[in-house]
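Consider the two complexes below, in which subunit A is the common component and subunit B and subunit C are the respective partners.
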Partner chain A sequence: MSRATQTALVRDDRTVYEAVAGSAVGVSGVAFALGLAALLDVVAIDESVAGIELSVAFGVLLLALGTAVVGFGVTSRLAYVDTNPQPSAGIVAAVAFTAVWFAAGAVAAGAWGLGTVGRLGAGAVLGGIGFATTAFPREDIGSTAPAGAIAGLFGLLLGGGVVGPGWEQVLTGYNATLFGDTVVPVVVLFASLVTGWSAAKAYGGFGARGRNVGAYVLIYLVVGSILTVLVGLVAFVTVKGLPGLFNGFDVGGAGLVRWPFLTNGAGLLADIAGVFPALMGTIWLVVGAVLFAVPTGVGAAVFLSEYAEQGRFTGAVEVATNGLWSTPSIVFGLFGAAFLIPRFGNQKSLIAGMLTLGFMLLPLVLITSREAILAVPDDYRDASAALGVSKWQTIRSVVLPAAIPGVTTGVILGVGRIAGETAPILLTMGGGVLPARSAAPDVLGGFRLSASPPFVSNPALLEATSALPYQLYALITAGLSGNIRNPQEYAWGLALTLLLVVLVFYAIGIATRYYFRRKLHQ
Partner chain B sequence: MSQTDTAETTANRTDGQGASTTAGETVETTRPEWTNYETGGETKLAVEDLDVHYGDDHALKGVSMDIPERSVTALIGPSGCGKSTFLRCLNRMNDRIRAATVDGTVDLDGEDIYQDGVDLVELRKRVGMVFQSPNPFPKSIRENVSYGPRKHGDIETGLLARLTGRAEPDREETLVERSLERAALWDEVDDRLDDNALGLSGGQQQRLCIARCLAVDPEVILMDEPASALDPIATSKIEDLIEDLAQDYTVVVVTHSMQQAARVSDQTAVFLTGGELVEYDDTEKIFESPESQRVEDYISGKFG
Partner chain C sequence: MVLVSMGSLLTAFVGFLLASPWTAVPLAAFLIATGYGWARHQALVARAVTFAMTTVTLLTLGLIVVFIFAESIPAFRYETASVFGVSVPGLGMFTQARWDAVSEPVRYSLLPMVHGTVMVTTIATLVAAPLGVAAALFIAEIAPPRVRELVKPGIEVLAGIPSIVYGFIGFTVINPWAGDAFALNGGSTYLFVGIVVGLMALPTVVSVAEDALTSVPDVMKNGSLALGATDWQSMTSITLPAAFSGVSAAVLLGVGRAIGETMAATVMLAGVPRISEPLVNVFYGYETLTSLIARGYGSANGVHESALFAAGVVLFVTVLCLSIGSQYIEARMRRRLGGVE
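Our next item is the complex of A and B:
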């Protein structure tokens, strides 16, 4: 011990007990990560690790962790180490372990071929034991024994080869089969979560500090798995999509970039099929929807929060907007098809799609702008009014600038949703499944002046146009290949392009928000 | 604390001291002559029978007082006595509270500001206000100061003004410098006028708010506890500034601190619980020999 006296307030030496419990937490974390990797097919459970099958190794690991966890509890209960357990592990742990052990009992009875009554009976017996061991003993036994036992049980099943790579179970009544390579990782994930929590409690010496550490470990493992799934998803699409995206890509002399996938159409004359028309369609679609929805939404938000008397009317508008935001997109699509298309040349068109998606975006812009405007401190409004500045000028030069970051957040979220919408585009915008380059919308160059009303026309807005999600959907359902040599590669490239387009819109939005935040606070 | 509580406490204390109240009588009655103060200078603001209701709450009861030009008038009293309400009546900031109704007249240079057809923009340009907590806009220091004149169209800035040759950067510079100097802030910020005002310290922010108010060239400056959110050093700077401003402006300042009122003001009005103006006189008279027993108790710290 580094000091002569050890006080209750200051603990500066690390006991062997803590060190062992800490490493058990670490091992649980590693098991959890490996389980996740196995679930995502990064490693196969029949791979051999140091001469033994991975699933058997998992079993040994879980058995060891289970034994260790029970050992922590017993050591603490027999007062070999200094801990501060509470009288009981608590109601949440009791209920959780009852459920776990009930399920274990019922499944085991089922495996032995018992009927419903037998399963319920076995479940009730084991659930009761689980409850009793969690609820009645002191916390150090209550939160380790049931946890260690379940991990040990799973360890025996995996280690003994009862459940392994070749294992499968037909689920009668579900028309489905469970395979070992899904069940083993799930079992490992669950058991390592439980042992991690339990070992963390032991590391913290149980009691308030132990619960704190336990919760910390649980939260970190869960957050870690969410992040893994997210990253895995993006990585999966990226890996699958890269060959298609960079098909024929090269940087020639003088910095000339050739990127046929992004600049070609999918027409018969294209040497390498590309997504240019659909890409332009999606970009214009989002731009059009934002141009329509942001001024309208922000204007409505200004009216509702600055001018309208707060009361039944604003309440009703609020309910209606929230309802609109959760309205299924196909309903918006139907509205666009039935209401907008007859008014824009009776055919599917880019502008009908823009407006439909604009209607979809509108409620979110309204809701977030309203919140952002309400969050602007009244101090600013008072200060401005006291300088004799009129209400509208105050809104324009103080309130709205202060609300821009919030409004931008709303637009970012909304763009993420509408850029990937397929149903409304299917009904309002159409376009070819494999459009040639010439089918790309040329909105800027499409404006034509004419001598008679409406004096300005833009055929590009009135033509059926393709968009990335729609083209992807059409490719998958219709299975057309046309001029495309490798439809699989093309479709994945398309998916990656859509992902990138959404990410680019996100990046623009986040940069805008960052710029205005800096301006407001620096 | 509700008003009845305070009234009872007052009654108990008064009884305890053996003041000239008979049993059953709760508080002394305010005599009109206590507030009938003849101001030395020209009257800038004349308030007559001002009543304010917030819904059912009678916040200000028949207040009449004349505020002289180019001087500091302090309004003191316990929390909830209506002194801030009174202040906010002087530039009609109470109009911004829906539930508030104001009766009576407030004459600014002989013209009633509560009559029909009063231009609030013009009124608030002439009667400026500084708030309790510093509230600069989240803009640069320069933009904060020139905000009022810009919005009133007195100074043209921005892209269109530059394109059409109407931009007056020099005039803006002069105005910003003059206002900041007048608010005793120029020396501290002259090298960072384009920084965000929220980066200033609390005391600097409050002086910036005063500069922002001065930039629209008001005649009257209302201050609602301008130093209550500041540390002692920043407070003393603000107090020096108030005294200094009184040479050119009519300053009305609400304060919680009696020391502050005694230090900076020429005349003091004491509001007591119930929205009543109890005594209004020269500051020296109020703090040395007030007529009202309740005012004396309040000033000597026995109440409120």
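Our next item is the complex of A and C:
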């Protein structure tokens, strides 16, 4: 334990061992990145690097990494360097390496043409060896030897050209074939992960500190990849969608902005097909859902946290709310179809979609509003009560204003979530694949009063209407075709519009939260 | 006044349930009564109205149960099978594996879809659980405040990307790539649907697990650090065990999300209700419970439509059980941590 503080404090006292182990971590990282690039077809594995094929180069790299990792373990075991290993590498590592070597054995036996029994046998033997080498020796051997061996094995396979660009393996019965193009990068990714972890442990001198470093390397990698995926996704949709979104966009002479993609319908008459009806549909959907869910949710939150005694009733409501929150969206769709549609003219309609999404939004609003109201300090309520203000007055003029930031944030994030929902409106709202501009709902102008029941009607609310996510789904099921000029470009533009609508809600929600939190801490 | 208002609201609700065209009358009466009451006895009316709003959640859950079950009864009747001489409605959905709504014999087995859902959910959990817990550890324990302020909203945004956009990318990019890379007959695979769905379930796991991790009292962590343990040791032997139930609740909720995920599966899968051969073949992609409903609903009628509701019932009950289970676990953890402090 004392060593942990030593190395942490004395930063520039790096031994050669640590430097080598550190660079092995770095090389593993480079190998990981290259493997990823090869998997995504950025580089081809039969490209030549410094005179040799990339896959052979990968093999050499893995072999070197494997040797180095085993070397770290041996050097430490023979006490050439001052490390702090524990008696065993631990049960987690042992199980992991057993699984890895079991898989390696089973695959190898399969490649040799052995049957199921042979595969299981070979897997069991190698898995057993893997378990024994990991669990029984001291930690420095246990966490390097199996790791180095697997990397070395893969290195030999790639470097020796056994698995390479032309390699392929038919998976009989699975109706699939493995090609070198996919297998080589995957193998490189996996092996570099293992060597990176192992080398990081060696860098930390094994023991508690080594495990710390090893785990941190993996966790940073995980978080890095999640963020990369996120940025990659958004960037990909943006790049693909921009041409469609800005098709025919220009800022006219009198300061007028022409944006046909957002203001046109998609009929035969429109010169540039646009998404106006679906955009209006989404806006009205959100408005309707908010009008239904926000007052209800906030009111319920007020009752639960201010009036109700904690007991059976509040418990039941809480369970029901959380249950509703995790109910699959398609089930809400079924519910809307069975409950709302027969009550609103027996056809898919805008109002059925609004209410279905309102039901989905309700638990989100309730949960966040309740949290916000509970977060208002009791001092506020006590001070107000001490002034002789009645309970309802306190709630109205003290509690609710203090809770508004939290409620707003929750509502905005919830709206972002339901604006992108497809499954419920697929069953309740419908609409055309490529609606013309005239199909856009005109809710405000649609109200009619009549002398016979139901007295108030609004044909715009009772018609099947398109919305952005639904239209994207309908386009996909129509095979990305239709009587518009460039359906592919149109669909990507539509996807980008939808993504932007949702992300804008999220950005506003997160910014609001950030703003109010800073204000609160001032 | 309150009685009039609540009474007319109840009448309006009953009228709506009965699909009566006169629903607007009691609704208007409610609005007038409440409006008048609001002006005269605000506190009383506010209390009554908020109470009515609170019952809406319970009511919604109840209505979902009633309506989905009611619609699925014909299918359960149709698929009655007898076991030990007792005929059990709905058993036939799980004792044979044929789903065919068109050609004779018309059978509605849910087994192929349950198999698909299990495959997708398993793969998704393998993706979402370890990555999600690692990311939650990072946000709750490792990241410096500045980085946390960046990563946390990032994960939230990941939750915000609409499922149909994932599905669209899967359909236009991943499916063709997979079909090419593995020489598949068509590109729909449980493997990649599972990975995509796992990515979508990830934010749920992260945010719930992070809540659980941060709710572990700092006293416990500091005590461990003061004894000379490394950060990682404190995490694995103090924070994670203390928050274990919360973290498993997070994983359960993530599983619930993965089971209920619809659009990506609908768009990426081939839509053949069949069980893949061999059972664990991840390179086939036929149908899940959710995609079955989404794909089939518009064109189905009669017993077929009812069978889709039956699939909804299976989904709903499974996810509700997961949700209640995770709530129970969380409540237990809160009690225990409360006792420790």
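Heads up, the rule we're going with is that the second predicted complex is superposed on the first by the 427 of 522 C-alpha atoms of A that agree within 3 Å, B and C clash if a C-alpha of one lies under 4 Å from a C-alpha of the other, contacts with A are read in each partner's own complex, and residues count from 1 in each chain.
Throughout what follows, contacts are C-beta pairs under 8 Å (C-beta built on N, C-alpha and C of every residue); 3 or more make two chains touch, one makes a residue touch a chain.
No experiment lies behind these values; they were computed from the predicted model shown.
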Going by the contact rule set out at the top, does A:390 touch subunit B (first), subunit C (second), both, or neither? both
On the superposed three-chain arrangement, identify whether subunit B or subunit C touches more subunit A residues. C
After the superposition on A, what does A:398 contact: first (subunit B), second (subunit C), both or neither? first
Under the stated touch criterion, which partner chain does A:498 make contact with: subunit B (first), subunit C (second), both, or neither? second
Just to be sure I read the superposition right, which of the two partners does A:256 touch: subunit B = first, subunit C = second, or both, or neither? neither
With the two structures laid over each other on chain A, which partner does A:382 touch: subunit B (first), subunit C (second), both, or neither? first
Let me test your reading of the model: by the given contact rule, A:79 touches which partner, first (subunit B), second (subunit C), both or neither? neither
Where on subunit A do subunit B and subunit C both make contact? 390, 393
Write out the stretch or stretches of subunit B touching subunit A in their complex. 91, 93, 96, 120-125, 128-129, 131, 133, 135-139, 147-148, 151-152, 195-196, 198-199, 209, 212-213, 216
Which residues of subunit C touch subunit A in their complex? 16, 19, 21-25, 42-43, 46-47, 49-54, 56-58, 60-61, 63-64, 67-68, 70-71, 130-131, 134-135, 137-138, 142-143, 151, 153-165, 167-169, 171-173, 181-185, 199, 202, 228-233, 253, 256-257, 259-263, 266-267, 277-278, 281, 283-284, 290, 293-294, 297-298, 308-309, 312, 315-316, 319-320, 322-324, 327
In the complex, subunit A touches subunit B at residues 377, 379-380, 382-390, 393, 397-398, 401-402, 519-522
Over in the complex, which subunit A residues touch subunit C? Could you list them? 1-2, 4-5, 171, 173-179, 181-182, 208-209, 211-212, 215-216, 218-220, 222-223, 225-227, 229-230, 233-234, 236-237, 295-297, 299-300, 302-304, 307-308, 316-335, 337-339, 342-343, 359, 362-363, 366, 390-393, 395-396, 413, 416-417, 419-423, 426-427, 430, 452-456, 469, 472-473, 476-477, 480, 491, 495, 498-499, 502-503, 505-506, 510
